[in-house]
Amino acid sequence: MSLNKQTTIPAALENIKSGQTIMVGGFGLIGSPLSIIHYLTEHDVSELTVISNNVGEKGEGLGLLLRQGKLKKAIGSYFTSNRDVAKYYNEGKLELELLPQGTLAEAIRAGGAGIGGFYTKTAVGTDLAIGKEVKEIDGEKYLLQKGLKADVAIIKAWKADPLGNLVYYKTAQNFNPNMATAASYVIAEVDEIVELGELLPDEIITPHLYVDAIVKSEWILTKDGVKTK
Amino acid sequence: MSLNKQTTIPAALENIKSGQTIMVGGFGLIGSPLSIIHYLTEHDVSELTVISNNVGEKGEGLGLLLRQGKLKKAIGSYFTSNRDVAKYYNEGKLELELLPQGTLAEAIRAGGAGIGGFYTKTAVGTDLAIGKEVKEIDGEKYLLQKGLKADVAIIKAWKADPLGNLVYYKTAQNFNPNMATAASYVIAEVDEIVELGELLPDEIITPHLYVDAIVKSEWILTKDGVKTK
Amino acid sequence: MRELIAERAAKELAPYSIINLGIGIPTLVADYIDDDLHILHTENGMLGVTSVDEEHIDPLVVNAGKLPVGEAIAASYFSSADSFAMIRGGHIDVAILGALQIDSSGKIANWAIPGRDIIGVGGAMDLLEGAKKIIITTSHTSNDGSPKIVDKCTFPITSQRVAEIIITELAVFNWKGGRYELTELMGDATLEEVKSKTTANYSINEGLLLEGEKV
Amino acid sequence: MRELIAERAAKELAPYSIINLGIGIPTLVADYIDDDLHILHTENGMLGVTSVDEEHIDPLVVNAGKLPVGEAIAASYFSSADSFAMIRGGHIDVAILGALQIDSSGKIANWAIPGRDIIGVGGAMDLLEGAKKIIITTSHTSNDGSPKIVDKCTFPITSQRVAEIIITELAVFNWKGGRYELTELMGDATLEEVKSKTTANYSINEGLLLEGEKV
């Protein structure tokens, strides 16, 4: 198999355009594609809708793009830890859509799996159920959540082979494998690119059919914060 | 961790009672818990509803239980290859519920994941949509499928540790990891039980919290059919 | 005849496409593709299917027809739910499937025969719904000589979705502008022969018409 | 005080239960459990969480509070969707969570404060809905001294589901027959003190009453 999906970050970013919906992997900065985000700060793009658990942290990760005014809307579960989010939201500079974390993760999986929507018990009878369809199934109440899809997903993996098979590192996995399935164009930032055949069939988490481009990481999360490699 | 879930097949089978719904792993005989099924032929049980892609093959695997008259109903996607199924069905001795294979797999996953139901485009406008709810989401038609759950799941894995972490063998995986999540009591038949810690965190497919009992396989599928080990 | 159809179908496959092969003629397509350029998916849970020698057969490594297969480099295995997530989610480029009937509206019937017990569907509906492109490979007529490419399916349809390409031992049809267009005659087949064995409404590509027949 | 509550909560945990710990006091429970008997799940994708020495900290191995954790023997990692499938699907035995308010009907408010922007929920609603048993660990009153165990939550509730156990620095309540029962006084707390700091309707276990107070 001679196909090689490795490319540079700037080349991969040609696929991200203003007004698009972008999924961004990570739990805070853990497992977030920090290098791609760094290049996005220099990429001419605006009015993005991001689907990500958080908007990075204050002034870090996706938080950088927020401060640049590149984000129009954020769909996620926990925006509290980046205090800039409340500020931009109150100033009318950022729209927010808050989902329970499990509903968010499942909606992304559903989007990738061709599931139009699903019924969850989570959030039934709470303020997050306002405006959502309720259905009784076998005597229990459920909320309808539609699947989520994106134009582009930028994700972080540990290792890739040139064809795009991916494995993840411990709790840096989080939303990344789900987002890999749910976007029209998927860019995987990885720490290591190994020879074809080096990732064993049983250890591959994301099969290559989900991945469009592989780029090498340049910025990583260390004990002392985000650093260049 | 001193918990050891290994037990004997007869002891594990005490959890299977007449009238229950049982999920049975496997694609035909591949990845089917053949040893547990063998012991079930000697277990006093009847009126079972089985959820399984097929009813084994003719006179093999689940096909043995069909011939013993232990099955009341089968929910699956492809009953054609076991010709006994049509015979029992026509004689009114077996109820059938036919689902597209992807809908079956997703319904089992949903049952295990606390999803009450989901919308799929598969089967819209076909005979398998008769009597099912249709919903339009973002301009496209979808069918509602409820999640499936069972009282007991009998599955086949390759290796287990004593705590119940499981890994599967190649295409013998199929429905097994999904069924492991969707039953009140899960019995995993495995070819090998390894020391705690021998299965690496990154290779575990079914985390132990899904597994209630581990039993060693005695009958396996070989090139020459089902044989004792 | 079956080989001829399979070989022709293989020519439709773009490099590096992800392909799912149904049972029957579609399975034969595997013999005509370049393992280095095409990637086979099987819905029972494997990406990177290849052929296997008799001596290396593993009874636990099979395709959706339960036939032994081999493992290509960079292959992966996954659960049934994950496999159908790929199919339904639109991640399979091409599904090559057999058919009992195809009709003027592009609909396919390939899972059930009226009068017989309907007891199996397998992955047919998911594949027809989810794959980005559908190629139907089939004999042009049934064993009894009756047309399979008909005006309206009398067998239960598999999906509302249109199949883009039909390849038989006589002809190749492409879906275009709301109907099938006959784009190629196979072997020695003639327009007349195709016409006599096809009750579906279809157009004929200009290149296949004699000068006088063109509209 | 926080340690006292955490230590008491640990006593509620059956051997080999699968436990998810929320942020705050619940996180401290980890210090009082036996790693050989209890298994910790964290919703960001790990089963088999343990503590970690300063020198072995890996910035990419964290719990849901983004604090560094260690990997117990037989641990496993998984995606967010798989992790919440475990939670929502009823595969977590116990969730120990903090609360802003708990009311007479057993409902919990622990994700939003009226008047402040509602911009974070995380996994709170999933855990409260999906875990088999809920233990609430919280200070008995707010920083301003107002009761947290109230007649009716004035803060937005997290779920319609009832929390089975409440543990504070003053008391332990168990949900029983449609209301909370005060089953234990903590440290030197008295029935009077609990009564004065609790506006919820609750019953008192007979064993805690003096002979004359029993009904």
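Things to note:
Note that the chains are named A, B, C and D in the order they appear, and that numbering of residues resets to 1 at the start of each chain.
We adopt the following convention: a residue touches a chain if its C-beta (ideal position, glycine included) is under 8 Å from a C-beta of that chain, and two chains touch if they have at least 3 such contacts.
Protein identities per chain, from UniProt: A, B = 3-oxoacid CoA-transferase A subunit; C, D = 3-oxoacid CoA-transferase B subunit.
Because the structure is a prediction, the values reported are computed rather than measured.
The chains in contact with chain B and with chain C alike are A.
Taking the CA centroid of chain C as reference, the farthest chain centroid is that of D.
Chain pair with the larger contact count among A-C and A-D is A-D, by C-beta pairs in contact. In terms of their C-alpha centroids, the spacing between chain A and chain C amounts to 35 Å.
Inter-chain centre distance (chain A to chain D, centres taken as mean C-alpha positions): 30 Å. Distance between chain centres (mean CA atoms), chain C to chain D: 56 Å.
Between the Cα centres of chain A and chain B there is a gap of 33 Å. The set of chain D residues touching two or more other chains comprises 71, 77-78, 84-85, 87-88, 129-130.
Residue positions of chain B with contacts to 2 or more other chains are 106, 109, 113-115, 120-122, 170, 201-202.
Counting only pairs that meet the touch rule, the chains in contact are A-B, A-C, A-D, B-C, B-D. Across the interface of their complex, chain B is touched by residues 42-46, 57-62, 66, 71, 77-81, 83-85, 87-88, 112, 117-126, 129-130, 156-160 of chain C. Against chain D, the residues of chain B that register as touching in their complex are 1-3, 109, 111-115, 161, 163, 165, 181-182, 196-197, 199, 201-202, 204, 207-210. Chain contact summary for the complex, chain D toward chain B: residues 15-16, 18, 36, 39, 41, 47-48, 71-78, 84-92, 129-130.
Listed in rising order, the residues of chain B touching chain A in the complex are 106, 110, 113-122, 135, 137-138, 140, 142, 146, 167, 170, 201-203. Put simply, chain B touches chain C in their complex at residues 27-28, 30-31, 53, 77-81, 85-86, 89-90, 96, 98-106, 108-109, 120-128, 168-178, 205, 221-223.
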